Amino acid sequence: MFFLSPFELKGDIDSVFERDPAARSILEVLLCYPGLHALILHRFAHRLYLARIPLIPRLISHGTRFITGIEIHPGAKIGKKFFIDHGMGSVIGETTEIGDNVTMYQGVTLGGTGKHSGKRHPTLGDNVVVGANATILGPVHIGAGSRIGAGSVVVRDVPHDSTIVGVPGRVVRHKGEKTYDVSLEHGKLFDPIESLNAKLEQKMAHLENRVAELEKEKRRSA
Amino acid sequence: MFFLSPFELKGDIDSVFERDPAARSILEVLLCYPGLHALILHRFAHRLYLARIPLIPRLISHGTRFITGIEIHPGAKIGKKFFIDHGMGSVIGETTEIGDNVTMYQGVTLGGTGKHSGKRHPTLGDNVVVGANATILGPVHIGAGSRIGAGSVVVRDVPHDSTIVGVPGRVVRHKGEKTYDVSLEHGKLFDPIESLNAKLEQKMAHLENRVAELEKEKRRSA
Amino acid sequence: MFFLSPFELKGDIDSVFERDPAARSILEVLLCYPGLHALILHRFAHRLYLARIPLIPRLISHGTRFITGIEIHPGAKIGKKFFIDHGMGSVIGETTEIGDNVTMYQGVTLGGTGKHSGKRHPTLGDNVVVGANATILGPVHIGAGSRIGAGSVVVRDVPHDSTIVGVPGRVVRHKGEKTYDVSLEHGKLFDPIESLNAKLEQKMAHLENRVAELEKEKRRSA
């Protein structure tokens, strides 16, 4: 009852092939994907945690961190086909909830805020992608299909199908539909400073035209 | 003389319970907190370093990095009740100085700049909190009670009781008094781009009113 | 034929002394520099990869990641005198190309975008420096001598001898000549928000003067 069913394992292996073009063979995936190792060990530790067995789940999580560089608290709820690529330095907190088909890269923190012991870590909807070194803090909700850009910091709720960039993170794209392939191109970022510059420059140019018109008028009447 | 005194150890263990709501028992803390392991091993290596014993301190630091994912140069001076939570990927440089009750998360760099061999790493005052994946570079001084937001990059001095956010980091809050609990909520960030936008929009609206007034005048006199 | 030549090894060791002021002796460098261990093991795995030996190169890379916290895909092409300082959490992708004398710190990602299997990782020119926790994504080209600031995210080409800062990264400095020593001071950053603020404030002050002039005129004629 505590171990991974063959169906779960197959789903977790399939997700590697679906999302990493460098994957070559099942043997390679089983031997060389620390994200898969961490996930298998976590699914086991999580069952012990739910059965309220003390200490052992934390020890498994600690051992997993040593072997894989990925730290998942045994309390975290993780959906089907979760894929952590590379994963070194990732931390997933106790009250985190992760939907199905979520992809996460290395250095990602799904962390808590405050000192209370209730729900204090993020909830990620289905198909979310979290880029390398991104940090999501607190009991925020990341809507299904959203992509958190590499190096971004998110501390507020994010609507579904959005793209987040920056420190702190801003929603830079949001649309109802998106093809699956696009959702993995976590490299296409947007520049919020350039955007602010363009907006203010345009407003100022408009105002300047009005002032120039007044000056022309003044010269004419003089 | 080289080993940790029971009092030091007690302070270091207490700091885990004070600052991590997920901590359950002393046994769990002793077995599963890599930040505590790294700190105990560092306190030992630092004494050997001060006694000018060659190579061994560096080897202990290197072994600690392998076991915990946390790299503390044996030369770093660290105060009482230092707490590194998770800690994977953190690097603390040779001439770093850390005050009492400092809290640090995973992926944090307290790094050096330049190639000279004198003081080249940061100094952190008491009660400082450094968020996940934050980077502090050079011989800068972080004032007591300040909080460095997750993912931020700091390369200048920071006054006491300030909050820093962004790449590069900006002081976004500064006040004389703060309750202890608040200082751990490293999730409440401030948006410097939104703030700049609001300020400039307000100025421009004021200017626009003056132009509109002039235009009205012109129409009246025409 | 598969092993490192003494000349290659000497170049790799020399680069540690040239770039880390904390390095004391050859023994210390050989024993305590995980970046050097990762590089030596990678140079071996890369030769097996070029000889089209299956699985083994990936296993070496996976073992190297476990030992050093640094993950270099065996396919990555790396030039002479590459130096990874600290390195925990760094990931270098399969189709990455790195020139000579490149320096990289911990938490750096040279990552891929998309799901196609051709060239999908960055190319770094000679003498490039990549700061801690920086992320470079996609088949972009980083020009020779450029410096990527700590915590920055780069998803576009970068010209030679430039300095990049921010999430997303912006070119903040660019000049033809630079002394070697300067290139290591990765702590001197530039603030793009402050710069935008200064530019817009100046423009607005100019416009305000013109409006004030018109208002004075109006009062005179009234």
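As written, the chain order gives the labels A, B and C, with residue 1 at the start of each chain.
Here is the rule we use: a contact is a pair of C-beta atoms (placed from the backbone, for glycine too) under 8 Å apart; a residue touches a chain by one contact, two chains touch by 3 or more.
Note that the coordinates shown come from a computational prediction; the quantities given were computed from them, not determined experimentally.
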Turning angle required so that chain A lies on chain B, C-alpha fit (0 to 180°, nearest 5): 120
Interface residue overlap between copies chain B and chain C, same or different (over half shared): different
Whole-Å separation of chain centres (CA-atom averages), chain B against chain C: 23
Multi-chain contact sites of chain A, meaning residues that touch two or more partners: 69, 88-89, 107, 133, 151-152, 166-167, 193, 196, 200, 204, 207, 211, 214
Residues of chain C that touch chain B when the two form their complex: 19, 21-22, 24-25, 27-28, 31-32, 34, 67, 69, 86, 88-89, 105-107, 131-133, 149-152, 165-167, 181, 184-191, 193, 196-197, 200-201, 204, 207-208, 211, 214-215, 218
In the complex, chain B residues that touch chain C: 54-55, 58-59, 61-62, 65-66, 69, 71, 73, 75, 88-89, 91, 93-94, 107, 109, 111-117, 120, 133, 135, 137-138, 151-153, 155, 166-168, 170, 192-193, 196, 200, 203-204, 207, 210-211, 214, 217
